[in-house]
Amino acid sequence: MDWLSASPVTWYDALFVFLWGVVLMLVVLGFVTYAIYFERKVIGWMQFRRGPNRVGPFGLLQTVADILKLLIKEDTIPRKADRLLFVLAPVLAFIPSFAVLAVIPYTQKLYFADLNVGLLYYVALSGISTLAIVLGGWASNNKYALLGGMRSAAQMISYEVPLVISVTGVVLMSGTLNLRGIVDAQSGGWFWDWNFLPQIIGFAVFVIAAISELNRTPFDLPEAESELVAGYHVEYSGFRFAFFMLTEYVYVYAIAGLATTLFLGGWHAPAPFLDFIPGIIWFALKFAFIVFFLFWLRATLPRIRIDQLMGLGWKLLLPLSLANIFLTALFYELFQR
Amino acid sequence: MTIDWPILSFLVFSPLVGAAVLLAMPSQRMRLLRWTAIIATLLPLALAIVLYIDYDPSKPGTAYDEQATWISIPLDKTAIGGEATYDLHFDYSLSLDGLSLPLVLLTTIVASMAALASISIRKRWKSYYFWLLVLECGMLGVFLARDLLMFFIFFEITLIPMLFLVGIWGLFDRERAAIRFLLYNGLGSAIMLVVFVILVVTAGFSYEQTAAGMAHFGYSGSYDVIAANLSDPQAYANQFSQAGENPFYLSDTMQTVLFILLLIAFGIKLPIVPFHTWMLDVHKEAPAPVVMIHSGILLKMGAYGLIRFGFFLFPEQADKCSTLLAILGLINLLYGAVIAFRQTELRLVLAYSSLSHMGIVLLGLSALNEIGMQGAVFQLISHGLISALLFLLLGAFYERTSTTKLDELGGLARTMPFMAGALLAAGLASLGLPGLSGFVGELLSLLGVFDSHRVIASIAVVGIILTAVYVLRAVMGVSFGTMHPRFESVKDARFIEALPIVVLLALVVLLGIYPAFVTEQLHHSFDSMLQQLNLRVGG
Amino acid sequence: MLASYLTMAAILFCIGLYGAFVKRNAVVVLLSIELMLNAVNLNLVAFSKYGMIPSLTGQVFALFTIAVAAAEAAVGVAVLIALFRARGTVKADEFDELRR
Amino acid sequence: MAYERTLQSMTWADAGHMAPELILIAMMALLIIVDLVLPRRIDRSIIGWLSLASLIGSFVSVVWHIQDQADQSQESIALGLLNDNYRIDDFGAMFKLLLLTAAALIALWSLGSMKRGTRGQLDHQGEYYYLLLPATAGAMLMTSTGDLITLYTGLELLSISTYVLVGLRTKRDVALQAASSEEKVSAKPAEAAFKYVVTGGISSAFILFGMSYLYGLTGSTHVGEIGSMLTQTVDSFRGLIYMAFFFMIAGFGIKIAAAPFHAWAPDVYEGAPTPVSAFLAVISKAAAAAALFRLFYNLVFPESLSNGNTIGHDLFRAVLAVAACAMLVGTLSALRQHNMKRLLALSGVANAGYLIVPIGLSFYGAHSNNAAELFFYAAAYLFMNIGAFAVLSIVAGARDSESDDSVQLRTFEGLYHRAPWTASAMIIFVLSLAGLPISGGFFGKLFIMMGAASTHAYWLVAIMAGSSVISYYVYFGIVRQMFMRSSGDVSVHVPAASGTVVWLCAAATLVLGVYPNGLLHWFEHVFSVVNDLLVLRR
Amino acid sequence: MTNGGERVNTYMNQYIIVAIFILLGILLPVAALTVGRLLRPHKPTDPKQATYESGNEPVGEGQVRFNVRYYHYALMFVIFDVETVFLYPWAVAYKKLGLFAMVEMLLFAAMLVLGLAYAWKKKVLTWNSI
């Protein structure tokens, strides 16, 4: 949709976008609800368990029930906590996670903000969540929370660097930061025109770094129950805790969308003869695959140690992502010029 | 006889040759070091004597004039257009005239005598003689330099050796004396530098058309150029401009300011009364040979600078200020005399007497006529010799008696007849006894002043009488009267001490009975300046 | 429009300057300096859009400023860490060993 | 008037012209690797020698460039690389030679005074030597900028490298730290570095803030363009222009350590390793002064020419006021100082005052060699100051009592008896610092005074002369300790490298004093204002 | 997209969308928490509000001094994250710039890698304890 291309913007236009935003939000909330359900099911299935199956048909309402529980649960704020920051932290965590969704394009026509620096916008905003996590850990005035917060901050900033550098190769190939532009640059009909094959190193680094950014297994150290009780949100309960949780899953949504856009050709079909299927379907399929992939990893891999984690990020992924850029550039010089 | 090798450069730098030789010597060989230094001071002395004999006042300056480009910086031409050449010019320029000649001779003589008298120095001979020789180089340079920058540099060069000589070999409070010396004289030379810098960028500016049709502009530090420009009504420096577009214009007020600044700058050195305190410290603390040089020559540098840069460059302004100068001179004379009268220490008596005698110099200068000026310069020479002699004797006494207090000294004529006699003679010369050099200087100066400032001259006579009183009181007190028993066994002068005494005394007498020895040379130097003055003031 | 940006930047700059001079916590001092630099960036970017003669140069300049400021902050914090290790405090007014 | 910056990439030829800087940077990279790869037990002096070699190499390439230019044409033409962001001209080249000389001297001296096993040894020897290179490169960058961005980049490259250098600890600091029984342990280098970071940051912010206004008023960061635009816009935005320049003067004032922006200098110099203090005193000052000179000449001077507008004159006057303040404050506050490093820092404040006088002097037919004045004084200051600092490090190095931080004035007690030659060299430096003949410092001051006098700034001449006199007292204190006190007990060992530096500096100071003609002639021969200083867009 | 002015406006309008998203991001938690406040019980007691420390009485300050290592990582992050500020524009424009631009960026990256190698060698990247 060519949002607000007319100028000047009227209040009516703004309201229109707002309502569509609300729609997206509902979609995202629905996604989160059923992503959690799905995750539990997938893991259960992989571990020869059944997963949730009591509440509602096939346990479909399990997550809804969980959310309701959280909503009506008493909300305690520790006496020694820094109240303002404590309250602020989950909100601050959530805002960027939702705001980044503005730039993800679903199809040629379906997108919200068409920023020419879309990728940069994503990267910049997602960095803010780190702040919220540190804030939460600090404001709790609790040793576990603080250490968990610091750890997760260290982890997130460590992996943010390879993450943003790994996509530079994509930017280089498409010559734009606009996410729609990047998808357009991958059009060619066949799936090997997508970025993930030419940018295989970048893609690998991106996936690993993204998982770590999401604090998901095998990189879920900030929430390592066995070491830190529960990490930065140890003092959070009720709906405040829910927002941290929500943030994580919204980011799953965002990262899956981003990966689809950047590496998997967005709404493009894998082969020219499949073009008759609408782009949104292709997008959804790729998106779903990535989400599934994340859950799959969780069921498969053990958590790694923190020193391994940091070492992996700085000593392997960062040099690798840098090398990827120059390999790409060199390749371009040699064969495409 | 014409000397075609750069004798002036040899003269100025010959002490440095000695200094360099000294540096190569082992520092413990006291005798070797001493004799080397003495010989090193004899070298310039010999050269100075040659010059003195050879110098012919009837054709002044031509034979002894050494010039070479030292610093010549091309100013940036692209900024202005490139049609002309520009430069900033400082010359290596030494020149001799009737005014500097006697002072040069005086310098070499006193320096040699001081080197001879330095047997009282007990420590660190090597550095001592080294600095002494450097000092001599600086002093000779001051009297011979004919470029503003050269003059300034030599003037400054004298500071450092004096600093060390006072600060290391002085008496108890030597460091304080040294720092005061440095600060006062530094202030003086800083003021001088300011004046010089202003002179160079205004009066030093000249413009000439060179052969190829190119114009040449430039700043010059040359004394002659500046003097010529200042006296030339057509020069840039004297071209008044309404809108200030002539950056080289020196207004009348500015010239007066410059003259007064020079008066202060050299007045500190001379010293003129409110600026004299540092000089007392040096007299009190420095070792005798250093005081000989200080009182004998360094103070004269102030007077010399005042004459050369103050009076010669700004005769008109000097004329305007002549009453002020005369009053200052009178104050110096009376103040020095009165305070000297009240001193109980021989050192201080002599120090204040120096101050007082410099007052006479100032008086003579303020007359602004030939006779007064000659008197002033003669007084410089004469006082240089006399005070050198007095301090030499003082040092000798102090070495034997370890005191300079008048009430402790007394009756020394009995054990030391020669030295006491010399002291008496020097004292008489100092108070102006006819037949000795002091008389001629005072007489000529006062005669000059009588012409222009009658009242002041009359009062000055009182000062002369006072001088007689305090000098006699001090000298008599030392030589006669009751002798302290602990001085029974002191010995009279050794040969090496007697030698400078005799030489200096002889010169004092010589000048006293044959003053033309000096005045002859001076005669021509003042001519042009007085002409200039008469031209400008009269016309 | 421009005026409000400039005023904002000036205010930020002043706050930063005040903080840099007055604050006792060394970390806050470093932050204040960053604030001043950011005020400059605001100026530059505002000028590059609304200046007398708008041009991209201002944004380029701002990029350079950001990068260099980051390096400066990094060194600043590194130095502060070293200092903290030796002194066990980040209170700027306890850094008084010099001039004693 | 707005122009679009065409995208201009660097070419190999440009790289050739930038060789002096590139050599330094490349060598730094190389040395970092060498330092990382070499085993611990190997003495890091090797890195010192290598960085000395690269400084010399850079020097040679600058000389080669000047020579090359001279061969090609009568009037050397300045090159503007990368859209005139970077100026290869003789003004820059000259100052680069100066900076490289200083850096090389400092490196050589460090090889003596920070030798392994001595108490002057640094904890991070390798880092020290290779950080000298980017710092110098940054300073060089500052001298040849045609654009505010480049200027800022150079400034920060210099600053950030020096922040680290200041904070390096010597063995002595460690020993002091171990020896002090107090709860607060010694952390002088870190403290100094922190203070420097803070003031340096503030100064960058000031400079940038000023620059941002200049950019806003003219839409360009190219100094030539700003200069020509300013003459047009000057009437409508007086206030902003004043503000922009005052901020920049303040910022550069901090960098140059000119009073009243000098408060950091004594602390930082005291805490830093001595060669680093010298580096700050000489290279930072000279580079900032050169940059400020070019800036003022291009930005303010065109405006001051146009009739009726007085902003230029006011700004020049402001610089002169800072200069005067620096001279007076520097000397006066040095009077009561007993710590040698702080004393030299304050003397540096005073000298900074002299250094920026030529920037503030107006430029017209009767006075056109401001650049030469600045250059000569910077050269003289370089030698005398590095010399003095080197002597200080030699003297302090001899003392190893652990409770004493050994840079007090009394450390010099009786130096003449312990090390007569070093003391004699110190005399030369002290004379030069005080501005007494025959020394480079004297002529430097003299030329600046002549300049001031020929633009009729007589008040400034008086202040210069006056502060010189006051400074006699300061420097006499050192002389007094060295020559007039009885011998101290500690014998002085002069490391060969440090000794060489001291004597090179002493000789250079004397040569500049006896024959200033040489340097100045050369400068005037190579340099021409229109070609080398004005950054005009072609 | 007919003229420049309109293009600029469209460009700005995209940020209005972003602003709306941020607004929504704020609204949801505010709304949810407000609703939650109406629904949930509020019966604070002392033990409930005590800081959690595995059931023990809390010992000492909660905001303990943490390892300086975190700062090291922060420093590294600052340096490398800012690098991307330069990498992105470079990457976008790379095709227009040519080989020399690559060399330049290579040098730039090499400097940073040098920094990384330095940190590596100095054991900044090695995590030990806490």
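The chains carry the letters A, B, C, D and E, assigned in the order they are written, with residues numbered from 1 in each.
In this section, a residue touches a chain if its C-beta (ideal position, glycine included) is under 8 Å from a C-beta of that chain, and two chains touch if they have at least 3 such contacts.
Because the structure is a prediction, the values reported are computed rather than measured.
Other chains, considered apart from subunit D, cluster as A, C, E | B (clusters defined by touching). Shared contact partners of subunit D and subunit E, listed by label: C. On a Cα centroid basis, the chain most remote from subunit B in this structure is A. Just count the C-beta contacts per chain pair and the biggest one is A-E.
Among the chains in view, D has its Cα centre nearest the centre of the complete protein Cα set.
Subunit A and subunit E, compared by their mean Cα positions, are separated by 13 Å. Averaging C-alpha coordinates per chain places the centre of subunit A 32 Å away from that of subunit C. Computed from the mean C-alpha positions, the centre of subunit C lies at a distance of 19 Å from the centre of subunit E. Computed from the mean C-alpha positions, the centre of subunit C lies at a distance of 24 Å from the centre of subunit D.
Chain contacts: subunit E has residues 74, 81, 93 touching two or more partner chains. Counting partner chains per residue, subunit C has residues 71, 78 touching two or more of them. For subunit D, the set of residues touching two or more other chains is empty. Pairs of chains in mutual contact: A-E, B-D, C-D, C-E, D-E.
In the complex of the two chains, the subunit B residues touching subunit D come out as 70-80, 86, 88, 149, 152-153, 156-157, 159-160, 163-164, 167-168, 174-175, 178-179, 182-183, 186-187, 190-191, 193-194, 197-198, 200-201, 205, 219, 247-248. Of all the residues in subunit E, the ones that touch subunit D in their complex are 93, 96-98, 100-101, 104, 110-111, 114, 117-118, 121.
If you check the complex, the residues on subunit D that touch subunit E are 7, 9-12, 29, 32-33, 36.
The residues of subunit D lying in touch with subunit B in their complex are 75, 363-369, 371-372, 431, 436-438, 442, 446, 449-450, 453-456, 458, 461-462, 465-466, 468-469, 472-473, 476, 479-480, 483-484, 516-517, 520-521, 524-525, 527-531.
Every residue of subunit C that touches subunit E in the complex is listed here, in rising order: 63, 66-67, 70-71, 73-74, 77-78, 81, 84-85.
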